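In order of appearance the chains are A, B, C and D, and numbering begins at 1 in each one.
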């Protein structure tokens, strides 16, 4: 009943095939909520910096599922220690972890009143095609999947698999984003990580013989952040996006009826405290892109200008924050409203966060059977952690100002 | 003046880098017309069959340009025989060959009154940002680029480079579509083709020592058609797309005002004979996807149903045409209108078309200095050509009918 | 008892990992007979044409084993229908199929009195470390493995898996030789072949939905033959090798004692009718290469010259056989002995041989459950088979002659 | 005169093609000294740990040449600032830098009285086919090439290109060893390094925008050392190799005539202070492998045992040095001579050595036009350098002891 009569597959350049043989997984993939992810680019604005990074959250979500599926089938300790129900739960959590994601990544959340993780839980827990399928499988499944995703599940191993510093989510996106952007920074040895993964002391750990592979993975993540995710072009696009939505909200406050008439796709966002699952289905990249074209023809000059910049990749320039006084006075001089034409952007990323009682650290299984926190045994990782924070500050503004 | 002060590059998984050092090329890439291609998927409906085939015509167009750029820089005969002006002309033709493309590939053309190639020429030849840039470079450039694209340029070699059976367009899309879909069928040895390319008898030819590489390329193309481009899932999506637009046009004929009000994004398409360059800028994947969501909530049941099928990948099933009587009577029985719920689809593809006085054949430069048409010297290719046409017929209909 | 306590793996660029969890397989890999394969290049003289094709028969043999292992674990029909004993038998047959191979591929067999396949059977069946291990597992195992290898095993499916037109041997070498030579011609979609493999009518078959993949595989093999295996540089090296051994045998006939003294490594080959397993252990690439250096300093001018040519890749030139009279008279004129300085080489290869009652054809499982021979259902394959034989003739001689 | 009439290429999986259009480069490749490198594995004993790492120094040397060739053609500053003669000099230095290498890497040097770098200079500077070719090109060329290789050339940039912490040698071997072993640790972005390379302050430097790529390269090197080059299996093979040659030398001291008679291939090594170029031609992997087979049948039990261990990969086990007393007493007990059956091996590797007045550091070209030493600007690199040395100690001994 629960297994498909024949395994279904999705061709995938990262994993060869994504393999599905559980009926409940297959059904979730067919839902409107999951199919929506086809219309949201995984990397949002990053495709402005790496033009081939155009893959969707749909592809990434299948990839996360596939890594979880391999964990529960290929990592001996997980295969033995997890029940069938727990395996289904964690595979679904991998598959569905991004189901509530807004278009254009985190910039869009500035006008949403909840974070995407909360919407993910909402779609799983409240009336939706997915909720029906999970309920039909087992009355507690929706709740358990949501708990794995929000990190509150009593079996911490399941949470670690889907959301920790060495989880299926990060592992898929590093490999996938590398492949599609054509950079090599995010590559690491997934096969070897899976081979050296163990359960020890009720935690997911990696054998010490695989520690170099983990170091390589940590560095891959570090490099992807600086080379790809924090690329100035991508940040510039996001800055304009944030300013555009700020302008939209400000205009709405001035004249709600006009704005709701002109931009009906943002009615729910602008008027409701919390979006319904149905409302979320209507939000994807195409919603925004279509709205940008409307805005570009609208009568508000600022909104039109910012929208056209996004459509034609006519982005802001950046400079060192020490030049901000100079830039601000030039903006004033040339008549640009600094609320919408200036942004002080601060990015920070730690290659690895050692255990502090809260985060999910990476654990290493030593030859003597004990587990140690990664930075206590890896010289490379401890070197990197001792250093002060890795950060970058830039100010963004129109190049016409100079 | 015409060269950039520093070479600009685009990271690309197929070519490593796409390299630009001509100012006119760089300027064309920045235009709104070219940036629009970021919002049109190269493979249209094929991403429903191969979910990672989500790359854009923007990426493909840069790739075609890059192959042309390498030809004029690395193929000795072209490097020597073409003037600088001809080199610029053919590189721009490669870059801009898809500039008039509609969203969702050829299905969309059913409601356009001109083919995309004609719109490409229109954008290059009539008022547009691109036209301005080309005019600024040289008064005849726009005209010459258009002629290379429509095949009427007096120097046939330039036309061959951009549009023939062995051109930069096909070479890029085979490699690119293979890479992004994660299939291997489209791979062939581009390096060796470039190395063995010569000009002989005023034609682009390949040295006989590279003939096996060409055979491999022909087969790559053949396999990509049957495995990827003509995949039943992709055709099913296209079938629904065509039926949806048919329904839209029929409804428009019944009640024009209502439809134009409800679907303002199709006003120009439905009311104008020929779209302006400005109109085309408004057409991209997001236009369609946004419209499908509007339709899915509209009051026409058929339009709503077809639109929702596209959004949720709830596609038509297919069968052998010999079952069409049976299917048609079942459709009738269950109350489906066959105009919108049935489609007889016929696909045909020849691996290679020998010279017939019209097509651009592939020419082989023999050791004695003469050129021969490919099928006259390759046993593999002649075997394949002798065979009757390669074709496939399928009927499509909702699975609920069965 | 028969399973290793922990799976052992070999990192492999083609298969990711070669995985071993049967103790008998692991033990066979540790034998002196199997370790000898590390010292025999898979491609012999081909590394003179493609200089990075330097991988060993050891790597290939592990690869063949891995493909067989995946077949018996991943192809549902094989997993169910074969007994554990049959699975072990066929995996070992894959692993050991080349165990009797001489150095430098088939050229070396000119001075051996048995073909390498016979020596393979001899090593498995007569006193050897391998024989001991197989006997220890089961009294009939050595015999059964040998029968799978020589094609006489009653279960024809096992023979098909290891030696047919679509077997693990060919599949591994195409992928491996492509990867290591850096050509792309041999690539095909192994994953999809494994996914579409079935057992029907007591034969290994491929579902019709995988037929394009098989066509691609057939073409891959065809191209690898002409582009890689039959490369003129490789044939030229082999021609000199054959002529050198011919010279050695002729000198031995004149003065056996002298030759055996000078070239002790060839004592057994020159004096015995059949080599012992111990003798074969002494034969590998290093034996030949070391002997060539001795020969290059020996007092026979012809042997010295031919040997030095091999060591320094100073190979023969080739020409069309129609020039043979001319070449032969020039050889005579310049004092070259045509027995050792001339060779008429004829290569022939059929992309695919349809069923003729003897060969193992490729079978396609049709949608109606019946099986059909590949060329009867594939237009591409039948086109290619109808054509007359694919062949090439060349004469080889020293370039100093011209 | 100096350019080939047509560019020659070598297919290469790392670089696509290795391209040669200088006659003097082509001629050097054809020499017996360069062709010898085909018979020496790049990774020596490492192929015992990674069985597909079987590529030769020939392939690596061509790769180093190709990277140097690209530097002088693609890095604008080098293209402009170096003379044609300097370009030829440095390309040849890249090509020939390993020409004096012994088989089996550094283990073999234990019985040579000179380091391989000195033999490289000897072959270039004293009578050899290579010397003749270089002399024929220009009277000072041999001397200049040798100076680039030994680091004494007055133009330090040339030395940096071939031998520094960011040189063509390391760049090729990391990529090549990764590819052939099937690991991913050694991959880094060569294209971007070439793109960001500049000459500043008479040094080769990398623009600060490429600094992350350099960090990635440093980590790649670090990981390759620990995961591949210092793999315990490889070190175990080397340990036996060293002990075997120690035994050979000890036996030779006892009875020179007997040993020279039995192992004629080591006559020069055992009797001469310095090998001639002719002697070096006779030393390659096949010399050693053939000698091991002779030794395995010889009457010295220790030599025979050690040789057979090498031939059958029956290697020593390793343990923590703190167990050495225990192991040594067990060896004594079981009658093993600790001189040949025990080895204390100490490996150390620094990911990067900051400038100390002697080493060739890596220089970063800052936005203000000044250059800075890498560890002063990269947090990651400085973190790693601050740490104490990265090292590993192991003792090796036969597993039969336990």
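Criterion: a contact is a pair of C-beta atoms (placed from the backbone, for glycine too) under 8 Å apart; a residue touches a chain by one contact, two chains touch by 3 or more.
Computed from a predicted structure; not experimentally measured.
Remark: among chain pairs C-D and B-D, C-D carries the greater number of C-beta contacts. Centroids built from CA atoms put subunit D at 49 Å from subunit B.
If you average the CA atoms of subunit B and of subunit C, the two centres end up 43 Å from each other. For the pair subunit C and subunit D, the distance between mean C-alpha positions equals 32 Å. Along subunit B, residues 16, 183 each make contact with two or more other chains. If touching chains are joined by edges, the resulting network of the protein chains shown connects every chain directly with every other.
Against subunit D, in their complex, subunit B makes its touches with residues 9, 16-17, 191, 195. On the subunit C side of its complex with subunit D, the touching residues are 10-14, 16, 30-32, 35-36, 38-39, 47, 50-52, 54-56, 58-59, 62, 179-183, 265, 282, 284-290, 293, 308, 311-314. Put simply, subunit D touches subunit A in their complex at residues 183-185, 187-189, 212-213, 215-216, 219, 222-223, 226-227, 351, 379-380, 382-384, 386-388, 390.
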